[in-house]
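Everything below concerns the one structure shown next.
Should a chain be cited, it is by its letter among A, B and C, assigned in written order, with residues numbered from 1 in that chain.
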């Protein structure tokens, strides 16, 4: 859906559901997922429908993901960090995660 | 049916109040064959039914008025049947469950206080016999494996349960709609008179007439009751609730201050403030509720809070229900209580038929007359 | 990085939002000697219009255009002014006493403010068409954010749909960046011209006139544009095609990415939760705060500047921020030297001149604001338009009762993506005005915080006793 204008800036290695993804400095989690061509980042707690980032400006909450073991983080507001573990959030969040 | 009350419409009963007490009563009246109109306020009304905690709760009920325990258990026992009837009519499931509920204590002092309350409650003469056990931490942990290290124990009553109260609210409205009950929102009742054998209710949008009137307007009953020769002394208070995002099921029993809804959200809170400003919200109170919740269930620490709210509790002056019929204005009734969810089954299945017949059944509800306030005042 | 613990317990002025209004206000107030903190939830300042202005990887200045780069001066000014600028700071509570609840790095603080300027700007208007929740459907603003902040340009089969200046700007920027756009679906109702024409003379004098025409020419030369009356995103697990109809009948286009936009509306959540009175603006089809000439709200000490005060664009937002800041400075430091308000007001007036034309021209069609049937109105709780309409028919008069009945607005976005839709659907069913219907009554936290954060806040003895009895 998106490509990078230029592969500039230092690469940052993160994992998405255990898979290695190369992000760039300046990426948010949501942007890194889009750049990596990941189709959806969560399924809804109501019907299990797949969702992907929608607004990228912190209002829609469709980019909720589990980041480093903590669920329901807004992917579009969180800058990537080296070694960050991002997980697709399936349905309702599990308490304690 | 929503919409305009047509001129000349005649109703058997006008129910004043579109909250849970009013609509449960209206539904019961409709089942008895009455033509019912429900008069309600608008979208921004102070509305306890949108702010309640949704417990169908027995433990602790009745200290200070023993018959209240029996009345509560009657409703608790009728609740499953009530929810089945609603489901048959609407297809909506209000998720009533009665797995037994807890009151958790975070210190020995709290546990001792809890035990004392229960001792005093159950020692009252004439109290119905029901079991509330004091459990040790280990006993609690068997049923609530996620409790934190600070939980020292608690009390458990197998009659306690909960329901999805917002769905109950919607379900009753849906059922009323299907039954053809006239629902008139934004019809705040300004005055009630009785002329020529019928009640005339003046609202912000015209007059409504009915043979009988049931006052189920929560704290506003205090204003309305004297218009028909009744008394309904109220002492409203503010409560705050914190609610989390939807979570996978982790809690099989409701706790009096914390429960997981069937939708997955966790509701937290049982605060009491004297303020009656529904728009105010005290962050420090929410913080206390959150702090205790995390101590009770540490796995909730990282969970997101998506809402907090304050609501005004419907509270009679002594906290017990008021059911009355007017001596001076026969056909006028009060149906008023704090626990509109717990007692919904009674209001629908016991109180409504009494109103339909035109007389309250003294052996069942005489203890709940507001006359008790005058007796106390005289004594 | 500034941590929550580094914050003082009070500031004279708290500004919420680091877009043009917030940046301009912060610079002016701090220079006048007012202790000023600016909270912004994004990793860098700029807001949406100047998103990533200090860090964008888009080096070719022609791609984003001069209007974007003008924002750099605002950011520099604010930085040099001495105002404390805290990014990654989410303000989740504000009350009538101007107590600000803010979270930074997962730690919450309560901060007292003598004056508050809410500069939380705008968000894109909900665009509830069938299939708008499918992966692969995003807002145009989202694509623009990805371009500005990360240098991501659309790839694959891309359709942009809707109305309003931002859609055309994004199209032009995308083309300049080397992206391709398969089609633009223009949803602007033709009859809008009738009303808009009255305001054309003013618009012709505004700075947007020439820019707008140039943009349209630039995009139309390279992208087919279809006028459409209905539109649907179709797909199972993701959007596969967009189906639309117009004068030429029904057509389908295969898509990888469908970008929707039908204007922006004020971000009202924080102001609403603080008790600021709002009123329906029928021209902009949204709720706007009731404000005085200095952008002061109905709550003493709280101003709303920028697009949050009603949509007028980025340059106007900065001027509004300055006016609000001058009012704050005058209240806090009567002897401080502040710029001449008159000159600012004149510039603002010039900026706002063409707004009526743009508003009337781009007023979205009823069918794109008030959906029917199984189209989702509330994305979080997956509540459909039909459910909302049916419940309104049952006698549910307003959005707060609707919320209780259907849970719309109860999810994590807290009504941001359904509030206007639900209000307008109820108004349509009740045959009354959105103003009469009203909006959700919002409560803190207006952005989620964790239970542990909430638990960490200061608690008075009385507050504890209200719970521990």
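One rule holds in what follows: a contact is a pair of C-beta atoms (placed from the backbone, for glycine too) under 8 Å apart; a residue touches a chain by one contact, two chains touch by 3 or more.
Keep in mind that this is a model prediction, so the values were computed, not measured.
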| item | value |
| --- | --- |
| Per Cα centroids, the chain farthest from subunit B | A |
| Most central chain, judged by mean C-alpha position against the global CA mean | C |
| Separation of mean Cα positions, subunit B and subunit A [Å, integer] | 43 |
| Centre-to-centre distance between subunit C and subunit B (centres being mean Cα positions), rounded to whole Å | 40 |
| Centre distance in Å when subunit A and subunit C are each reduced to the mean of their C-alpha atoms | 22 |
| Residue list for subunit B, restricted to those that touch at least two other chains | 245, 300, 302-304 |
| In subunit C, residues with contacts to at least two other chains | 411-412, 448 |
| Sites on subunit A at which at least two other chains make contact | 46, 72 |
| Subunit B partner contacts - residues on subunit C that touch it in the complex | 93, 95, 99, 101, 110, 275, 391, 393-401, 404-407, 410-412, 414, 437-438, 441, 443-445, 448-452, 454-460, 463-464, 466-469 |
| Interface residues, subunit A side, partner subunit B - complex | 45-46, 70-72, 91-97 |
| In the complex, subunit A residues that touch subunit C | 1-6, 8-9, 24, 26-28, 31, 34-35, 39-40, 44, 46-47, 49-62, 64, 72, 76-77, 79 |
| Residue ranges of subunit C touching subunit A (in the complex, touch as defined) | 41-43, 48, 52, 55, 57-59, 63, 88, 90, 123-124, 133-139, 141-143, 145-147, 149-156, 177-178, 237-238, 256-257, 267, 379-382, 411-413, 416-417, 447-448 |
| Complex contact set, residues of subunit B against subunit C | 1-3, 42-44, 49-50, 110, 166, 169-170, 173-174, 177, 183-186, 240, 242, 244-245, 263, 268-273, 279, 281-294, 300-310 |
